[in-house]
Amino acid sequence: MSTRTVEPAADVDKPRTSRLVDLLRAREAGIGLLIVVLVGLTSLDNHHFLSANSIQQLLSGAALIALLGVGETLVIVTRNVDLSVGSVLGLSAYIVGDLFKHEHIPAWSGFLIAMTVGAGIGAVNGFITTVMRVPSLVVTLAMLYIVRGIDGVIVNGHIVNPTAIPHSFTAVGYQNLLGVPWLFIIVAGVVVVAAYAMRSYRASRDLYAIGSNPAAAALIGIPATRRVFAAFVISGTLAGLAGALFLALNAQVDNSAGQGYELQVIAAVVVGGVAIFGGSGTVVGAALGAVLLHTIQQALVALRISAFWNGAIAGGLLLAAIAFDRWLTLRNARKLASAEGAHRNV
Amino acid sequence: MSDVMTPTPPKVDAPAADSGARRLWSGVARWETGLLVVLFGVLIFGAAESSVFLTSSTLFFMGINIGYIAIMALPMTFVVMTGEIDLSVASMLGLSGAVVGDLWHHGWGIWPAFGVALLVGLAGGALNGLLVARFGLPSIAVTIGTLTLFRGLAEILLGSVTVPGIGDRLFPVSLTNIGVLPVGGTELSWSLLIFLILAMVFGVVLHATPLGRSMVAIGLQPEAAEFAGIRVTRIKFGLFVLSGLLSAFAGILLTLQNSSVSYNAGVGLELNVVAIALFGGVSIFGGRGTILGVVLSVAIIGSLQMALTQMQVQPEKQNIITGILLLLSVVIPNGGEVIGRLRARVRRGRSRSAA
Amino acid sequence: MTTDDDTGPRLVLSKAAKSFGPVAALVDGSITLYPGEAHALLGENGAGKSTLVKILAGVHYPDSGELLLDGAPVVFTGPAAARDAGVSIIYQEPSLFADLTVAENIFVGRQPLGARRRIDRAAMEREAAAIFRRLGVILDPRRLARALSVADQQIVEIAKALSLNASVLVMDEPTAALTSTEVERLFVVIRTLRAQGSAVMFISHRLEEVYSCCQRVTVMRDGSFVHTAPIEEITVDQIIRLMVGRDLESLFPKTVTEPGEVILEVQGLTSLGKFKDVSFTVRRGEIVALAGLVGAGRSEVARAVFGIDRHDGGSVRFHGSELPNGDPQSAMAAGVALVPEDRRQQGLVMDMGIDQNMALASLYPLSSFGIIRRSSEAELAMTWAGRLQLKFGRLRNAVSTLSGGNQQKVVLGKWLARAPKLLIIDEPTRGIDVGTKAEVHRILDGLVSDGMAVLMISSELPEVLGMADRVLVLREGRLTGEFSRAQATDDLIMRAATMASTDEAAA
């Protein structure tokens, strides 16, 4: 009588197929496909687009947003948001640059310091959000201003120039390993580790549970305060790392670094299939979302279309992504309702 | 349920029952009072630190700096009131200016250009409203999308040029004077005067009309509002349209103020607009807030900016102050509750160790 | 039955009390659970059962009272503590994580770990599948919870409790959303659990279920323990009398009225997946009850008639003219009012004042030149607070400060202020104390005497039998019975509401 006793049974019999189908249906595959198609079509018109050099540029360009997207995903999955990432990137980049200039610290410590700065700001965000129970949108918006302000005060109109920065540090920005830029390797490493961790550890599954159903999460005793706090700290830390990479990539920094990144990051994350109201989405999706948005930008250049179209297309794509997600949800709900109806003979 | 032994329920203990509502009311009242105190503090601070602070030009330049932003904060208040947010306002401001610039560049008259810009504002707002109210998409994501989209359209229209550029006609002086001269006989900028008039209208609508009451109900409990026959979808749609329209209007004002347009006018201002509303006591969760609070918030942020500028404090430091104000505005109302919770935890810990 | 007399009780809760502000939800919560026994906790809605459950769950911390587990006093500092002590709760409404898989939902927070503390997904899914086999259901552990029906979600909740090897299993109306086959399956599982020595606490409104699976009964009323007895020593009538605690007459004042002309005519109303081909009429001066089990589609019919939801077929005629589909404003203008099921979410804006809530459906009539007249608003609230004998501090107070019964009066006042011709009222007395319950019934009776038509949805049979002039029964989205006041008995209504399940339960 019940459809459900039959239908899932089929699934159980063929687990491998369903796993493959899941993979193909996944958002990540769709975005990957979109990127490939976009690159393919563009290279038909402009053969240089598929050159190693161009692909390097593509990946490096998307890397910072992708990196910020990883942290942002962790936060958004818990039904929060971190608007301070752009400011944190700017501040940590400048602090490290300034230390290089005046204190001549070793190159490796630059990364450490940047991440520490980020972690600290993330901890403040996390503390106010979880312990004071202030909506993260407001907390991180305020933090965006405060951090940007501190950045401005420290920078005070100065610029850190390439000459001040150790070569071993900037090498990360321009050197390759077997043709792959170091920058990309680092970011890809973070994405892979994060993707693995988000799937395989209890604490990270807790993040999804918290975002999916906060009340139920509290009911079964998930330590939401600690988990959300950790998500903010990680987001801050990665924003700090992104600051160091920004410095390595550009070899100079002023107080405009990272300005406006926050909304770009959220756009990338949402295009990548992370639900803005929490509970679902993957870091791989978020990273691919960043790559897709950057690919569009590069494709416009390659196709000699005015770069001015970039914003409009990115905005349209974001709207399409949200609408698509909504359509999927509605379709699933309708399917479920009619299946239940059938089972009740309605 | 409160009384079990007798069949008639007891009269609810008046002081206890009152406390919830009174807390709410006095909370609201306290917030506006607090803002007023802060405003006086800022004025005294400004007068003490800057010899030119208590001059009429301060008021005028404050209007120039914040008037057009404050105008966008009014519809933002309404939108946030219903539990949504519109992050596309600054991009719409830019797009509106770009439309004016592009049409002017192509030989249109200034008034038809303004008209088209306002229509674009309506259409952009309608797009937001359609996606949020009709299709039920999350407004924060939608308006980040239209933020990018509108700014992108402005970029397509103008590119990197500034209008009027070389070879263009200049905007009519009679109009650009509106942007740079005070209203006759006063020291108010036109934008600030318009803001104040609009604020009065918005205040009446929010606090005394069925529409305003409906917005509060939607913000507090959307489902209950729907069951009371309030047209939730229609009202939300309307508010996004209003937000688009007034943002486009603010774009026209800014155009007149600058006597020129470029595609990136007002980039990032959306967050300032949100900050003004929230600092004014509008709850990000909807349903709570007053127009008076928003007006005081504008006055505080505007005069503080002026004072700091006159003291030659870097604009970056002003950012820090804006951020801290915003943070305090949400942390302070929560403070009591947080302390209560911590106390309860300590109490429970004690009784646990006793048990 | 199988109770071993040598073993003491597994869990004893005695004299637990819990108040929320001015509202005492539980005054004397006492229950004793024995290993190997299924124990039914019975009582009307609002009797304090759910509060008692939440105390056992560690969600609420009792103001006073004592909890013993295997003879030793314990304090549950939170849900995790209760879980770790071996107390598992299955709530009325499944609360799963929609974005996690079935297996993850079962094991969230305690997933089986492999090397380096990684989650061993294969093991997790295997274990989940094993539990489902024990339950006799087939459910893909890798499916997202989002894609499950309510019944399947309930099964996942049960599987979760089973996976905890709970020694105490509390089920708060687990059968409400299950089909008869699923209920049977659940009873088999309960039997298995008992055989393994677990103590089971079972809450249900269907007494026949209680008789077929429980060994002991405890009855609560108005937040207090009333009576406990082995199931063989107590009859259905005795249980009902203990639950209600007074004569039906005083609870259900009913004036016999002569119904007038037909005012509401529902023809073939259909909403895909919710209900199908529902036709009925309501006349002036009569109360028509819409009875049936939870989930039978009763509230959905009410929502469609009022226009909150759009329907997919059929028509709603009011006073001879058709109401537009999905347009509550038109229905309101025509004279229809709906007091919804969920008072706190749908009926009231909890943080608004009493006066503002009462005025919320009458804002335009209360305005002149577009401005709400405060004096008229206050007058409206005063009038209805008086007529409904509302117990309140000040009219400006938030409705959240009122007790459940008085909140319901505010919702009633909001709609009565519009002088509707048809009042649709969904669960008029859910979660209301007995005294106010009778008041609400008296109000309804008075309205009908004055010629109003009332369509009442109720899950409480005594209320249906006591108040209705006619009873319509809905089962799985279809009308399965119509009885006049004279014909209607609880047996007939239950049969029409459950049909298959009563037959099988009897077997």
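When the chains are written out, they are named A, B and C in that same order, and each has its own residue count from 1.
By definition in this document, a residue touches a chain if its C-beta (ideal position, glycine included) is under 8 Å from a C-beta of that chain, and two chains touch if they have at least 3 such contacts.
Remember, it's a predicted structure, so these values are computed and weren't measured experimentally.
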item: Higher-contact pair (C-beta pairs counted), B-C versus A-C; value: B-C
item: Identity of the chain that, by mean CA position, is farthest from subunit B; value: C
item: Interchain centroid distance [CA atoms averaged], subunit A/subunit B, Å; value: 29
item: Subunit A and subunit C, separation of their C-alpha mean positions in angstrom; value: 43
item: Contact footprint of subunit A on subunit B as seen in their complex; value: 85, 87, 131, 135-138, 140-142, 144-153, 155-156, 159, 263, 267-268, 271, 274-275, 278, 284-285, 314-324, 326-327, 330-331, 334-335, 337-338
item: List of subunit A residues in touch with subunit C within their complex; value: 1-2, 4-5, 8-9, 11-12, 15, 18-19, 22, 199-202, 205-206, 208-209, 211-213, 215-222, 275, 279-280, 332, 336-341, 343-346
item: Complex contacts: residues of subunit C adjacent to subunit A; value: 57, 59, 78-81, 83, 95-100, 104, 108-111, 113, 117-119, 129, 137-140, 142-143, 146-150, 152, 179, 181, 272-276, 297, 476-478
item: Subunit B partner contacts - residues on subunit A that touch it in the complex; value: 81, 83, 128, 131-135, 137-139, 141-153, 155-156, 255, 259-260, 263, 266-267, 270, 276-277, 306, 308-316, 318-319, 322-323, 326
item: Residues on subunit B engaged by subunit C in the complex (per definition of touch); value: 1-4, 6-22, 24-25, 204, 208-210, 213-214, 216-217, 220-221, 223-231, 287, 348, 351-352, 355
